[in-house]
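You will see two complexes here that share chain A, one where it goes with chain B and one where it goes with chain C.
Entry: the complex of A and B
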């Protein structure tokens, strides 16, 4: 190990030491502030912004799902768009063909995707690192074509996709469809976030992280490595599926080309920008993948891709550990200010 | 304490029966047999390439013997996958320390208790009452172990930043969290200085005495083995060379020859 690496390890150790118990989460105070902001903002902005904030939460869920898989259990996936698509189609088909209530379709989408992810995790067990990334990449490229198959056309609507009806606010609540859907999504997201935090702090979560850090040692401690790796895939796919279902309802439309590899890569990007293994970073990562392309377009219409690339490069160059790093630095600054 | 006092009944806790391991054309272990009695510290010694690590890996189920059997309390362990060894009371440490580097000391030890606890992802996600109860019982036990091994001060420190000697103690703590009946230690003295080795020796003996845990010590460091082992098995070229008390094995002409030979290299 070179001296530089050693220094890196030590500083990282100390940085994490500063947040001993909540290495993967936020403190109560910060959580409440974030929650208050999320609750209040829609009251003061236009419908289009509310819609964008709904998408922000939905992508944050999908980024968090990937974070549980990669940050938690150490497995890579470039195939999250496939799980997102399955969730979106499950919700859309149940709503439009079976007339099911939109809220009830979400747990179904979650369970279907959990099963799908769990099964996909079985063959993926033999792969790790870049090879697993490639296998999941294959899944992501195959999914849009599978959705277009004539055989399923009656259900999926083929290339045309399906139109989904946006739900009204229940109990005669005086709010528009967009606002209701935002608060509904917020409630679902908070529920899933809390459950994920619980999961990662529990015996199962520790088993995930033990596998991430050292498979042989985990196995010697009695952790069934194959089972927990596939469970991590299942959980990640399940949450992504719920996000997909919510996405279908928010966008009011599902079509095969909405769920290409580009989505999977965006989610991956969101995870890195938010900080791998830090769940609250997911919302920052989500904001990055939703708003930064718009900002880039604002700077230069013709070269928006290049501008986005430069912005992305700056982020990974300046804060390689993403939003997590920013949070840690901020916390240390706050501690220093308190001392003075 | 004599061996007779330590032995509880005549049945061995762990019996290695005529175990052979063949890799391609190389015979790594050739019909090795020995018994481990309750409460014993058994030292397994031998020069490099003698088959110590191979035998160790058979015990922790990373290798499958080509023939022979390994019995824990009279039952074969060879049909068990590696992750189902902890639950029958076999715990281990690793040669160069294999902790979970990004987890805190306490979380490392909590993972050690995995085999002694149960849960499922749904109950864990909802943090149901029985899960909370299980966690708080386990935390009590874990803090007991951290106290016992003097690790409370670093409980919330991430292990990768700790000194090597402390990491070795964390590894022992993690192994103890699974309530092992037998503890397999793979070269625990490796990487420690002279003084640390004897501190470790005292600790191993203390663990055996306090917790009635049987210890298999695979070790290069002769001084450590000879000072704490009750019984020593010497291997060379995959065969058992000698077996007996440390004094007997040390005086064995074959053992002396094997070690002097290895010094010629």
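Entry: the complex of A and C
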């Protein structure tokens, strides 16, 4: 038995495959190329594509947050749409009712969601695997109704939602609202990405992964399992909340119907397509959930759902580990070419 | 004397010259999305997701414009109808509308469906001065030409319909004890508000119960049992079709016979009355503005014959009991009329001007006597309804056509 096979035997039966922490990120060279592309594209395209790219980054953040939770600490969540909604509403309410600057609402949204996620993580401690997924699923289905409650209507706008004002570029910068918001989102995303990478490389990150790989072994090594599991929930919810806040600003509108279980499933799907546990894959997963439905619609309007299903099936069938697998294959090819 | 005649003659001549010269100068004027050969019309509608049943409306409109194009188009221009799926999600609606405006470069956005989606795109379209024409939602807020001069509704507002019911009840059944069953969303709440406004000071004493349900509930039987326990003698059913059928069926099963009034949204013979059981639905009241495709009384109606021929030719196999086919046809016909009135001046400003100048226009599918009227201050095209009672297997209209204009807030 070779070493590789041994590893496979060990990980078999585990829901989430163990990903070594180095493999969770990109090399410097590739990172810089991706960054350059993200910075340069808006200069050459129409405003609506810039808007789409803004949404791409926002969903990528939300997918990445889920990736930290699932890929990092091995916990499932189908309730990310609830955290996203709380973040979106926090930003929208602070902007429209309290007149707060949009940029300042984001950290508040993040903190509120961190608290919310951390608290939700407490009861979730007793659950694992599919049961945890179900509990979070309940959260996602409850959220749109909670937002409609008459009790909160004064702030949330009830079923009518809230219209948010889009910010202009500051300091008289010569760029449109869309472009400014894109670069703003890009800056926030890079910040959060770097922080997440560092988190996973830190002591806490190692604790997350130890819990993911084997809870009992982790606690035997002195990891406070309960604390780190809830912490992972909190961090994930906090990042999702920031993404939600950015989403509210970009779309200029929040309404209960925007944050249904559909969104949670999309984010989950994005994570799987991008590769569970591989943070850079988040942007690929995000692109999948934004653009593939449009492609499916282009193929057949009446059967767009079915076409989407087929495309999804093909991806899962051909590259079960998502974009990460593609990246690894590409890397190996590149290495081979170099040798020759 | 002579001089006055001369002055009159001279001024007449001047007027004539002026008239002919303006005619000569009336050149073709276009905004983005219109040209000598084409008018580009954008649309978003849920083809997928929870509200995908409404996708029929978009398909009907597409087929309607295909028919128009086969007949030579509008003033010689073909209509290019570009319709995208928004899955009833506001963020997706914004994305798709921006695609229509910035990538496809449409002249106007026509009949986008759903209150959340329309709210999400309203500010954007108004700031870009692009018509958001004949939105497919009955919320009252679309009739607001002062603040949103580029947005216009089409169907009667939910609130005005609810007011009609309240007023009818106050007149016919002044001592009624009313219970309201409504869907817990913008649609249901608009009806609730309209009813209360209609009852005015009597609202508190007349309405003895307000019961809401969530659209995600599989069955509302429990709510009906609860309402019956309060013993009202009038039940207002402000639901979407599936729940409307359940309500009528359940009240009959309970052997309970209150006076039932069901919203126009759920008055379809094919998708509500039939599943609820014709026996159970006898005597139910509603109000209508359009003819029902499944109602045999319109079999010889010239307008509905045209509609039926259109379906046979352009949408073979269509289920004529589905109200979406009637709706889409009527809305598309209204847009075709507006574009025709625009003549060669296909600017966005003129589209709005013409849409606000409809006088007694009657699409094939509207009830006899219901007319579309708009003006610079009235952005609610259809504001009339007629009460109807279910008898046998169809609706019987009764009473006068009632106008229920709700002024913009």
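Points worth noting:
Definition applied: the second predicted complex is superposed on the first by the 319 of 340 C-alpha atoms of A that agree within 3 Å, B and C clash if a C-alpha of one lies under 4 Å from a C-alpha of the other, contacts with A are read in each partner's own complex, and residues count from 1 in each chain.
Basically, a contact is a pair of C-beta atoms (placed from the backbone, for glycine too) under 8 Å apart; a residue touches a chain by one contact, two chains touch by 3 or more.
As the structure is a prediction and not an experimental result, all values here were calculated from the model.
When the shared chain is aligned, chain C comes close enough to touch A:255, but chain B does not. Of the two partner chains placed by the overlay, only chain C lies in contact with A:305; chain B stays clear of it. Of the two partner chains, neither chain B nor chain C is touched by A:154. By the touch criterion defined above, A:338 reaches neither chain B nor chain C.
When the shared chain is aligned, chain C comes close enough to touch A:47, but chain B does not. Chain A has no residue lying at the interface with chain B in one structure and with chain C in the other. Considering their complex, residues 46-49, 51-52, 55, 141, 145, 148, 158-161, 163, 247, 251-255, 257-258, 260, 262-263, 290, 293, 297, 301-302, 304-305 of chain A touch chain C. In the complex of the two chains, the chain C residues touching chain A come out as 47-50, 55, 59, 83-85, 87-91, 94-95, 98-99, 101-103, 115-116, 119-120, 122-124, 184-186, 189, 214, 216. Listing the residues of chain A that touch chain B in their complex gives 9-10, 12-14, 16-17, 20-21, 23, 195-196, 198-199, 202-207, 209-210, 212-214, 216-225, 231, 235. Chain B makes touch with chain A in their complex at residues 60, 62, 82-87, 91-92, 94, 98-104, 107, 110-112, 114-115, 117-121, 124-127, 131, 134-135, 156-158, 160-161, 174, 178.
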